[in-house]
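Listed below are the structures to be examined.
In the two complexes that follow, chain A is the common piece, with chain B as its partner first and chain C second.
And then the complex of A and B:
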């Protein structure tokens, strides 16, 4: 056949571009955070043992580079130990709400009709609920606890996921390749999850990473307000609250956890954007 | 006033994309750039107006009426702002996207006038200037107050022409100016351009993949392929006696040339016999809201026949195909396939009854699936094994290795072959081709038509071939049905309808298909 030869077109291997510097740094930071989350608890015992009440030290001493908190615990060790609660909750929330989003969003976008209306009203209802306020109220009623907060945030984070997946599915389901699948009388499940879903993956993953960052901030805010984790637990939000009282003796007790929250949230966003971009290039033209 | 291209070369990130092009265009003359997608014709045009994509640059020189364009400095906005408009202007292919949807047509023309004059005009003068420009393209003054979506495709392209010419350029580059238009509009727009050009003594570079557009309306032609000029000369001479084998192949593949010579790709079918038709549609009616799209349409397709349906966009031909396929539900009427009546919708249909090949080969294959996976899935539907994939690929003229590729790695023609293979996998009795070759280059188009004709011979499949282009339909179809405004206005054996068109609309289509109304260059009407 006489199809056109595109002269000088870049060979397919050229698409393996190098990782941008910013993303590489963000990946490095996240790798450290994951390590700290896995092994940070070992340090926490140590931090608790050093507990020598009422000796708040300013930063700068060789033994305590970031000083100690109001209970005499090392600020750096507490921050490292707090990584686990900072990471596990948000990741579980992001994955959980995205699972809800993928299932309900795909159904709503592909089936349309009454199911779409029902799911649409449900998301409207959830979006009207203020996240933090609801978490505070539920914790107050149910006695609180980390996993209650996780479950609540999964539900409250899901409406935006549902809407995003639904929009992506709507866009895809109008394409001829979906009609071609319908011409083959494929089952609706196969069309939804084999044909449409892979084409919205980049959307799903990018949004999931965004949610990790949002959830991290939400968790820290709740801990800061005293709702999330139990007092005495190593947690960045908790550290912020406790550190506030000794801000003038040891400013690092506030700034270190605050900085960590910001840095990790930014890194997660950077990496999320990058992954999303890479994924959306998979099916694209080689140009 | 002459336009001079000297050694114009386009260099992309991976090397030279267009080899040096030189040409001279006299005032009032048209240079045609002919070639298929990937030939470099659009890159050449973009380099002249400084709109090359990132990573591309041009060398060489372009002089318009003694003034050099800053072609080697694509980033120099200040220099380009002076050059664009007054020296050179660009007319784009798609009037549906080249006008801003949120502004009135008059404003869009007025901006160009004001930009060219360098100052804002008072209200009255502005209105007068816009009306003058609209009159030049045969549009009434009220169009100035209309938004682009309120106009038809042909009117929009006229507005686009008026906007492109509002700055009184010396050189107009028209990039596939009629490709997005219906057949009956194409000739009008081209003739309008030609008339204005002669009146204004404007130099034009007309870019097209369609030889019919070039014939009779251009003075010189450059045939491009793979970034190189393979043939050049006076249009009439090149078309009459092409020297390069590629030019010859292009001319032979042109459906209009075939229509004139009566050449056909498919063998002529014997006169309709007494066999029971495979598909019978009676009184099919469909409305979207208050708009009736199909009005009592009757259609019959004999087993193994190729039936063409011709009509413009909005004539209802695609809706008819989609009703037959069950992708739309007809409001009334009956669709009977092989003796059994089909209820509206997909629910009553099976994959082995009929399959569709869609228009756009770029979106009709799932980009995330390999060709092998796409075809195995289609084979699986009919209970056939994945081991038949290589055989299926061979049937549509593709090598077996293609099973491992993804759609993005294939050309448009190759993708359309895969789409045909997928449609054939469940062994359907009827294949519906909905504008299946419209998005392809002419030579690829001819290949796909030949493939369809061969499939009919080999496996005896009946084909319902839908197209806006009568010239293409007559190359392949045994009989043709002409649709207009949701109704069948004429139907019968292909040669009868073409030779003695009974309906006025059919006559218009036939004229467009053979370009009998093309304005000769010498005519200067």
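And then the complex of A and C:
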């Protein structure tokens, strides 16, 4: 008998009204991280100007709670200073691929026909390419740099956005209100972006949040492989890679940035899942 | 349907091969210099390289020559290792295959039962623990997990080697334990999520309620449901595969394993274009073949699909 309860899990909606503790903590952490990204650069100059001849210090010294790295720079300061570089790329990637997804996905789902086929083939092609492999190869061989990597990841991340938006638009465009809008002979652009788009927003936003987390992981992976972020930049992935050489003198040089990456990715995932649940519930009430 | 699918795959590979070929031109710097690497550039060698890649012919001829070489197994020469690319890849492919195979095995053995249990007892502690683990597994980059394990096993519990590929046989297997576990964590996270979602959907369907109301044992019900859930799980194979490709590069780099992943990374950083081209295209071919096999697995898993196919044939 006890196994039947999972079938009707309906009454859970009322409890979710309040922000769960885990999500609240995640939101707090993300707020802190955004602050660090905004103002962390102020620390960067100071961190870089430190005595580069002093040797690696283990964590726990009073002046440097997390020790210093291979150039004698303070690990904590470097991590705070690296927040911006670690965060801006993934956020831009998520927003960029969302915009691509909204435009191409809406066109494919609403216009159908050859445009849909073309965009469909394009997403098929991109989905067959492993993101990390493509990013390593392209930005490695072309000698990319930060913004080339961002542009590349925007393109590589877009197929999931395109597919999700397209499916949502297909579902919406069969509804009576769209028929009504077409009867009023509104322009197709107006129908697409003023009438259909607001109704697929929940899908778009949820997927964007998840993409931020994935992009964060992808970015740091690329820095770890020595691709993407230039040496000397304050960046979590870079810091971690450089820290590997002194891992046994000062483990914090590796594990502080690693921990930050994991914590931020987990928080973004939690908040993303929560937003997804909230928005999909709102949608259900309207129906 | 199947013929169209094969054609589609060939189309994707064709487009990719053009992109991969174009890499030679897109790499910054002089093309002959790039292909020479740090070999001395006397006129004879330059002429030999121009001849080998047909650089004086039209681009289409160059592409066809290159593609012909690739198809017949002549991948060119690695400028970094000074050996044929095929040999460089052949020397290293076994360890990567073993790593991926091991990681896949471990993750499936752990993740599928965990996903099933999470779905059956949704909301229970196994489900919540599994969910937390899979969020962590998806959020933690492979190398971060790898570095933590590396530190633990190098410092506190030195029972597994953390560096290099060993001397073959059992020793290599011992060297592969930590990289495989590292890779399996991320892989397992994806598989747990796929399995849980698929199982939940099946368990909510009418046939399960009916089977239960007929008094079928819970074990039996689960077996029937899992069989139906297997289709979306196998469909997710492409997701798993693309993760595995990137993950291998990271895991091998973390543990300094002499496999395909480190070969790719070193070659990219050295701009050893022939190796990068061959590896990229090889990976694409492998992915395409496995995706096709996953489609064929449908036929085994879902009798309805093979019946409609048979009717059409």
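Definition applied: the second predicted complex is superposed on the first by the 254 of 287 C-alpha atoms of A that agree within 3 Å, B and C clash if a C-alpha of one lies under 4 Å from a C-alpha of the other, contacts with A are read in each partner's own complex, and residues count from 1 in each chain.
Following the convention adopted for this analysis, a contact is a pair of C-beta atoms (placed from the backbone, for glycine too) under 8 Å apart; a residue touches a chain by one contact, two chains touch by 3 or more.
None of these values were measured; they are calculated from a predicted model.
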> Regarding the shared-chain residue A:186, is it in contact with chain B (first), chain C (second), both, or neither?
Replying inline: first
>> Per the contact definition in the header, classify A:137: touching chain B only (first), chain C only (second), both, or neither.
In response: second
> Hey, is it chain B or chain C that touches more of chain A?
Replying inline: C
> Of the two partner chains, chain B (first) and chain C (second), which one does A:108 touch, if any: first, second, both, or neither?
Replying inline: neither
> Touching A:84 in the superposition: chain B (first), chain C (second), both, neither?
Replying inline: neither
>> Is A:165 touching anything from chain B or chain C once the two structures are fitted on A? First, second, both or neither.
In response: neither
>> One more residue to check, A:175. First (chain B), second (chain C), both or neither?
In response: first
> So which bits of chain A does chain B touch that chain C touches too?
Replying inline: 3-4, 6-7, 9
> Which residues of chain A touch chain C in the complex?
Replying inline: 3-4, 6-7, 9, 121, 124-125, 127-133, 136-137, 140-143, 213, 217, 220-221, 224-227, 240, 244, 247-248, 251, 254-255, 258, 261-262, 265-266, 268-270
> Quick one: in the complex, what on chain A touches chain B?
Replying inline: 1-10, 12, 175-177, 179-186, 195, 198-199, 282-286
> For chain B, which residues count as touching chain A in their complex?
Replying inline: 12-17, 36-39, 226-227, 249, 325, 327, 346, 349-351, 354-356, 358-360, 363-369, 377-378, 381, 397, 406-409, 411-414, 417, 419, 422-423, 426, 441, 443-444, 447
> For chain C, which residues count as touching chain A in their complex?
Replying inline: 8, 11-12, 15-16, 23, 26-28, 120-123, 135-136, 138-144, 147-148, 151, 154-155, 200, 203-204, 209, 212, 218, 238, 241-243, 245-247, 249-250, 253, 264-265, 268-269, 271, 273, 276, 280, 283-284, 287-288, 291
